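Alright, structures below, take your time with them.
Here chain A shows up in two complexes: once beside chain B, once beside chain C.
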Partner chain A sequence: MHLSEGVLSGPVLVAGAALAAAGTAVGLKRLDPDRIARTAMLAGAFFVASLVHVPLGPASVHLVLNGLVGLLLGWPAFPAIVVGLVLQAVFFQFGGLTTLGVNTLIMALPAVIGYGLFSRFLQAGRAAALAAAFACGFLAVLLGGVLVGLALTFTEEHFFNVAVAVILAHLPVAVVEGVVTALCVGFLRRVQPGLLPGRPPAEVP
Partner chain B sequence: MIPAPPVEGGDAPGGIDPRVRLAAAIGFSAATAAWQRPAGILAALGFALGLAAFFRLSPRPLLRRLLAANGFVLLLWAIVPFSLPGEALVRLGPLAASREGLALALAITLKSNALVLALLALVAPLPFPAAGHALHRLGVPGKLVQLLLLTWRYLALLEQEFHRLRRAAALRGFRPRTDLHTYRTFAWLLGMLLVRSVDRAERVRRAMLCRGFRGVFLSLHEFRLTRRSLAFAAAAAAAVVASAWLELAG
Partner chain C sequence: MKPVSFLCGLIAAAAFLVFPAGAFAHRVTLFAWVEGDTVHTESKYPDGTRVREGLIRVLDREGRELLQGKTNERGEFSFPIPRREDLRIVLEAGMGHRADWPLTREELGGAEPPPPSPAPAQAPATAPAAFSTAELEQALEKALDRKLAPVVKLLSELHEPRLRLADIVGGLGWILGLAGLAAWMKQRR
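And then the complex of A and B:
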């Protein structure tokens, strides 16, 4: 779900960085200082969970979880994802400094779009909430794949085949992602509904 | 396994001010990402190798980490040479790898490794707190630095928590397969991790309030721009200018 260093052209990198910076600025502006600890902790939790390999047929995929990040955080998903990507670059060399902007956009823009489209349904009836959560998880990964494809195609039109391969590879992941997002939202609705948008947070003793 | 945060590690490994390291990494990366010609890319790779030698990175872990970063590049090698039109160099059945495609794949590989190498030499060895404060001095918003430092602080702990949940599931006989039961188990483990994270975050928030947190990132960190740091900054700037000259002239 992220592009490596050295692949994309200068203009694509600059455009990605500018859009990601704008999104991060909005996200930081909307981030209440009272929620910094919560956002940081959730960013860490998602980072840890995305390292897990989930079996899928003979292979395994690792979860991206950007749809769920969007649902729980809204616009602050941008800074949370920047932080996750910085940690990933430093610890595992997935992505790096030049691709930080593009990779942030690839994950965070679908997250925020998913939040805008689907967060209002999470407190509705169970079926509607789970369907919305599935759609959000599914679309967030698929949109991310499309953005990867666009970044590749804008770099070099002959990367089109690579772009198609990348988007196709995202399809099964998107289905798994939708299922896990829906099941996780179902869990949170029962265990801690205050975590989901549209409800006052639960009191911690 | 995510390394737990070290309690101490010095503020300036290699005797170079963290601000200089970060600025050099950003400047080098921004320039190198734009290079397209062999001369510019090779100069950048040479400089990155020089950095690795200067900071005495041990070769074996370095090689392992470089390999990990080359997965996507491998995918490009499988596709790009065969999809770029041009003079056919190698034929594999109906497929022909063009000279242009192979050259592009090679250029991307070298550039990618130069960038990752510079990141490993300049940024990865920095103690996180020092790096956070240095980023703040370089103009990164305080809220973002705070998020970065808090996430880093709790990352190893959250990972342990998640492993504990997974171990408990394994002891109850959970074996991951491709079925709904597996996905439900993972989703619930994740949900439980999120619930615990938010509870912990609330305790952390209260502890921060007790220590006088007012929503602003205050940095008491003192950086000293030593002569060694200045010399390093000058050398890095000269190397970037030299690679720019090679790129434009070559």
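And then the complex of A and C:
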């Protein structure tokens, strides 16, 4: 899911960077001071998640957790993911600094879309909340795959093949992501429902 | 706060999961070396998994493609030196994974004219060896290539940077610091 340097054409990189910067600005603006700690925590989880590999099928893939980050943060998912990606690029050479904007968009945009679609169900019944969490984690990765395909299209030209390959490759991760997101949401519902969107933060004893 | 400790636990668990078998289709590494008239390349993922069916393209200095091929089961692809000048070898492992490796003219032995005796497989006309010193040089080069092969292999293994716990902890520290900075700046407003 992290596009390497030197793969994409210039205009794609510039457009990605511009959109990612806009998203990050919106995210920072909407960042409630009380939620900074939470945002940082999720940025940390995102940063580390991509080191966790899932040996599925012929390729080994890794967790992305963008669905979970989006579901718990909303727009501030953009700054959280930017920070995580910068650190991954610098420390692990995943992705790269020139592709930072595109990679941010690939992972953060689906996160925010997932938030918009599914966050309202998290305070509903348990089954609905878990299903919504699964769908959010699943869709966030899959949409990311579609964006990867789209970004590569402008360089490789056969969109359909690329997109199908990318989506097929991400299908297993998407399932795993959905399960992990649902597990996290189920846990948070029991332990700290105030962390989930749709409810004012629970008073801390 | 319990969720905090939960997430910390998750992060710690993640950090430890990495080390026994950290395999991720994230970044690819390419290593190339010259042996006689052949360039060997080896392509791997960071955990040592070989890149199968990766596309290797060989470009000249202007970026024109000289030849291309696919890596085999073990991530290897070898080709005869197409031209003795600066070359760039590019690996495209699909879905945005890419790595490259420059080969300089010196490494390819570009200082001399094309060698009189290429690999036996695709041997064109063998030019008559003019000087015994040239023959000697060639023999030496061959022997050295053979002797140095394990060293080159070792270098290729050392070449790929590994994940380190210090980097992971450092990254988390950065995030903590940025959170502090953000909180401070929001407070001042």
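Assume the second predicted complex is superposed on the first by the 184 of 205 C-alpha atoms of A that agree within 3 Å, B and C clash if a C-alpha of one lies under 4 Å from a C-alpha of the other, contacts with A are read in each partner's own complex, and residues count from 1 in each chain.
By our rule, a contact is a pair of C-beta atoms (placed from the backbone, for glycine too) under 8 Å apart; a residue touches a chain by one contact, two chains touch by 3 or more.
Everything quoted here is computed from the prediction, not taken from an experiment.
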| item | value |
| --- | --- |
| Simultaneous placement of chain C and chain B on chain A, clash or fit | clash |
| Touched partner set for A:48, first chain B, second chain C, both or neither | both |
| First, second, both or neither for A:36, with chain B first and chain C second | both |
| Touching partner for A:125 - first (chain B), second (chain C), both, neither | neither |
| Touching partner for A:98 - first (chain B), second (chain C), both, neither | first |
| Partner touching more residues of chain A, whether chain B or chain C | B |
| Chain B versus chain C as contact partner of A:62, first or second or both or neither | second |
| Chain C-contacting residues of chain A that also contact chain B | 3-8, 31, 33, 36-37, 39-45, 47-49, 51-52, 55, 83-84, 87, 91-94, 162, 165, 187-188, 191-192, 195, 204 |
| Parts of chain C lying in touch with chain A, wherever the complex brings them together | 1-4, 6-7, 10-11, 14-15, 17-18, 21-28, 45, 47, 49, 92, 94-100, 161, 163, 167-168, 170-172, 174-176, 178-179, 182-183, 186-187 |
| Complex contacts: residues of chain A adjacent to chain B | 3-8, 10, 13, 24, 28, 31, 33-34, 36-45, 47-49, 51-52, 54-57, 63, 65, 68, 72, 79-80, 82-84, 86-87, 89-94, 96-98, 156, 158-162, 165, 176, 179-184, 186-188, 191-192, 195, 201, 204 |
| Complex contacts: residues of chain A adjacent to chain C | 2-8, 31, 33, 36-37, 39-45, 47-53, 55, 59-62, 83-84, 87-88, 91-94, 148, 151-152, 162, 165-166, 169, 187-188, 191-192, 195, 204 |
| Chain B to chain A touching residues, read off their complex | 2-3, 25-26, 29-30, 32-34, 65-66, 68-73, 75-76, 79-80, 83-85, 101, 104, 108-116, 119-120, 123-124, 141, 143-144, 146-148, 150-152, 154-155, 158-159, 162, 166, 176-178, 180, 182-184, 186-188, 190-195, 197-205, 208, 213-216 |
